[in-house]
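Heads up, the thing below is written out as structure tokens.
Naming follows writing order (A, B and C), and every chain is counted from residue 1.
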Amino acid sequence: MTDPAIATEAPLHAEFLREPWDGLGLPQEEALSYQRFGATFGIWIFIASEVLFFGALFLFYAAVRAEHAEAFATAARETNIVYGTLNTAILLTSGLSAAAASLASEHVPLRRLTQWCLVATATLGLAFLAVKGMEYRDDIAEHLVPGRGFKLPEPSAQLFFGFYWLSTGIHGVHLTVGIGLVARLIWIGWRHPERLPGNPQVEVTMLYWGFVDMVWLFLYPALYLVGRPG
Amino acid sequence: MSTRVAESPASLADPDELALGLPESYLSAGGTLGSWLTSTDHKRIAILYALSVTLFFFIGGAAATLVRLELFTPQADLVGADTYNKLFTLHGVIMVWFFLIPSIPTTFGNFLLPLMIGARDLAFPKLNLASWYLNVIGGLITATAVLAGGIDTGWTFYVPYSTTFSNTAVTIGVLGVFVSGFSTIATGVNFIATTHLLRAPGMTWFRLPLFVWAMYTTSIIFVLATPVLALTIILVVAERSLGLPIFDPAKGGDPILFQHLFWFYSHPAVYIMLLPGMGIVSEVITCFARRRIFGYDFMVYALVAIAVIGFFTWGHHMFTSGMSPYAALIFSFLSFVVAVPSAIKVFNWTATLYRGQVGFESPMLYVLGYIGLFTVGGLTGLFLASIPIDVHVQDTYFVVAHFHYIMVGATVSAYFAGLHFWWPKFTGRMYPETWAKFAAVLMFFGFNLTFFPQFIAGYLGMPRRYHVYPPEFQVWNVLSSSGAAVLAAAYLMPLGYLTWSLFFGARAVNDPWNASGLEWRTTSPPPRVNFFGRPAVLAKPYNYHPEGAAPLHDEPRIPSQGSLT
Amino acid sequence: MGSLMPAWLMPVAASTHAAKVDRIFIGLTLVSAAIVLLVVGLVVTFAIRFRRGSNADRGPLPEVVSREFEIGWTAATLFVFVFIFWWAASAEIGAFSPPKDALEVHVVGKQWMWKTQASNGAREINELHVPVGVPVRLVLTSQDVIHSFYIPAFRLKRDAVPDQTTEAWFQATKTGTFQLMCTEYCGTDHARMLGRVIVMEPQDYAAWLSAQPEGDDLAHQGERLFSEKGCSGCHAPGSTVHAPNLAGIWGQAVQLDGGKLATVDAAYVRDSILQPKRDVVAGYAPVMPSYERLLSDGEIQELTAYIRSLGAGPREVRTPGVPPLSSRVPGAQSERSPAMVPGAPVADTPSPAGPVVRP
């Protein structure tokens, strides 16, 4: 996972070395890169777990949609495709800056680039949430909240919007956690600039960010493109 | 120097055993409450878990006692319908999520996994501590639900009862389960990373003790099944508290879909409860038979096969829900197939005894009981995998008896086997052996008296979750309730004599059972850093006799080939 | 085989299916007992013979190596288990579809009672009278939460799920009164959601049936609803609206818009009433409004029974507005006779299928 040629370019700080990785009897540099590998390995297992979490959500969607295809298509035409598409663009761009931050963090001279990429990632994440907030406001104004006074007559259309609110909400929570983690890295980079390059937490955070990005790539067609052929 | 060490209360019983510059044991590395609650030492976290798990076990046990008392007569004379419903729900929720699932992995797994593979700690010690807090917070949230009036849905939370009809504190209860789910995922991530990355030199995959393999396969289920439960809980909460239509049949939602999602988690969860116990049995039976495990490779493959096939059998919980007959046949077939590796494990344990030097110390008694109870539990699983029989006994006491044989008869016996086997290592003290043997025998007979009559009551047609029942079932319920009283006494006894041993027990030597595992190659209790120097592994596990020849005498293990520090 | 188990360990077996289940149960019990005896016997023998310090022979291990043992007992276990699977599964497949002439009984579960209604009109609460030796098909649904309809003596259990229908069938072999219970936990009085199934000789059943208060049977109620709710406005042949004629479609395959085929059964009729735009028959415009919330579960069951009763009968349909002169449901209420009860001795010529002219 870590190319040693690149890894050695970043200075390895002794304070990054944690228990129990310091007790392996390895030279410090090797221990550090092994610990870094361990952190990446751990987050991949966690992402596998998250895949099953969202997998169950999409299974739920698939099962209900198979039963109520017509109502889902009708209901999905009520979502706001302009906001949805805008948000997809925002999030994909943040994925680019996140990947750049992850790669740049492995080189000392690119410390400032790393920092700016992190800022860009967090800002784009916030922008996503802001757009989402505007979309929510419009949805509420259009009576798209399931329950009394719902806009569409078909009861199963409410199932679609149940999924809509729930899935975007869960995704929003994941994104908020991601923004928090990135903000923490920005804070580290600001207070202790020397701790940013080579810090294993950058790659770990960015892998998580990438995963949250990917979830949206599945949600976008499921929520906005269904029922809008051509 | 050794004199000074001997004076320290928690140091070696026999200071000559390892006359090195001994660091103090993990127990004496700070005695304040704060030092325990902030410790990232996997051994201390294991002790924290052991305390919380024991507390939950006795809460769940108290609920079960009241349930059995109520069922002594066919009428409702102790508690009313609603109270009874809350009691069995409390029993199920606490026992499943706060005792059975965390019990062995978070106590024995936490303590022993790093020791067995020769590591200093788990890969992510802070995450490990966080997982304990999450578990306790989850448990407290669920306990809050009890204080807020209880939950009456059963531990399965079937919709639409749990979402639309129940007037009890369902949301708080399931949120507690949700929080504790993070704890199990964290433990799973930690164990998988530790097993992959922190094995000592020479500890290859096929030299791992079977307990480590059991922890590894359990962790895979932790990581891949728990998130599905987490999502299912979110769906229930969203419907119940946020008013979003999810499973509501009136809006076209499908309550059966909930059951699919729920059992996709909860059937693998049965293997979460089962596999760790299998690991303990393999460790204990080899040690007290002085034999290598019979068919090590097959034992490993069986664990992996159970973990993998276990993900594809969930549908057998739903044979009566009107599922397609083709789906039912496939689930039935896979349920038979998943029983094969379990049978292989039983045969291999039996064969391990052959030509051994079998001793009957208390851990071995628990294990011998385990083999009998697990065999009965496993075979009755075949009854439930056969669709026509399952249709008759689904949701009756037959099912209740079956899963108690697996989860209580087998897993709890294994838990007590492990507790007695490693108690000297955990605490540095020996317990009174006679009491321990008595408790083991009492537990076996109490258990059978409690649960065997339930098979009969179930086949005769007594449904579960009934607080009043037709009088013809009374004889079986009286037998069962009497057995429960014996069982309760047998569970309380270790609480007494193990606590006594903490203060008055004899000091334990490093390796009181003359066992082969790496965890015995250090002091009892181990120091903070686990080992003195870097352990290296030279041979396969269970190295009790030369390969190809059974132990002629009760020989000690062979240090020249065994695991060395 | 039944004599292998003492009677007090076996519940009463009072259906054709119960005997099959008991055979499998006893067979499986014998196999399991043999395996338990083998395992426990070996464990005890080995533990005692090779107890620590005993002078049993522990020389070099026998020639047969562990690998052959492992493969041997893996294969043997797999074979036994697959055999049991095949045995149980074949019994299940054989018993899956009910016979065609089964008496249909609609069951609705609600907290905490069972409502049953037979297609011949008998309505009961927490009771179900059936004739012995006659196949009975149950169509179950629920008004609130999931219940499960369990008759231990028949080894029969089926969940009643809200807004879905499930089916099961049985054929009683003994007369008597048998317990009916709910086995899916459904709230406070789950344990009191009990009932009785009374199996009677066909003559007694006929007598009981004729003593029941006169109420329209399902199909006749459905026929009334058909015009009351305005279905006939479009689905009658003389209607100006282009809508499918419902006579003679039951059990047939119909061509849907988009090329798929659908079989007209209870689920399809229910879907077509509640979600008419989902599976539109080819050649028709999706103009029918949804009747969701306008019809209760019971009313849908009645309409379904009506369409079912039309069978492959003649295609003349009453013009809306004209008072009903004839009923298209075979066997009008007033004509209920023992002959209508499947399995009952035929006392007179059974009424022919087809239109019956009311006096």
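Basically, a contact is a pair of C-beta atoms (placed from the backbone, for glycine too) under 8 Å apart; a residue touches a chain by one contact, two chains touch by 3 or more.
Here is each chain with its UniProt name: A = Cytochrome c oxidase subunit 3; B = Cytochrome c oxidase subunit 1; C = cytochrome-c oxidase.
Being a predicted model, the structure only gives us computed values, none of them experimental.
In this view the innermost chain, defined by its CA centroid being closest to the centroid of all protein CA atoms, is B.
A count of contacting C-beta pairs for B-C and for A-B identifies B-C as the more extensively joined pair.
Averaged C-alpha coordinates give centres for chain A and chain C (cytochrome-c oxidase) that are 49 Å from one another. Once the centre of each chain is set as its mean CA position, chain B and chain C (cytochrome-c oxidase) turn out to be 40 Å apart. Averaged C-alpha coordinates put the centre of chain A at 35 Å from the centre of chain B. Multi-chain contact residues of chain A (touching two or more other chains): 68, 71, 155-156. Along chain C (cytochrome-c oxidase), residues 275 each make contact with two or more other chains. Residue positions of chain B with contacts to 2 or more other chains are 250, 252, 254.
Taken together, the chain A residues at the contact with chain C (cytochrome-c oxidase) in this complex read 68-71, 153-156.
Across the complex, chain A meets chain B through its residues 18-20, 23-25, 34, 37-38, 41-42, 45-46, 48-50, 52-57, 59-60, 63-64, 67-68, 71, 146-147, 155-156, 158-159, 161-163, 165-166, 170. Those residues of chain C (cytochrome-c oxidase) that touch chain B in the complex are listed here as 9-11, 17, 20-21, 24-25, 28, 32, 35-36, 39-40, 42-43, 46-47, 50-53, 56-61, 66-67, 69-70, 73-74, 77-78, 81-82, 84-85, 87-89, 91-93, 95-96, 111, 144-146, 148, 150, 152-153, 155-159, 161-164, 166-167, 179, 181-192, 275. Those residues of chain C (cytochrome-c oxidase) that touch chain A in the complex are listed here as 275, 277-278, 290, 292-293.
Residue ranges on chain B touching chain C (cytochrome-c oxidase), taken from their complex, read 81-82, 85, 152-154, 156, 158, 160-161, 164-166, 249-250, 252, 254-256, 289-290, 294-295, 298, 320-322, 325, 328-329, 332-333, 336-337, 339-340, 343-344, 346-348, 350-351, 353-360, 368, 371-372, 375-376, 379-380, 382-383, 385-389, 391-392, 394-396, 456, 459-461, 463-470, 548-552, 554.
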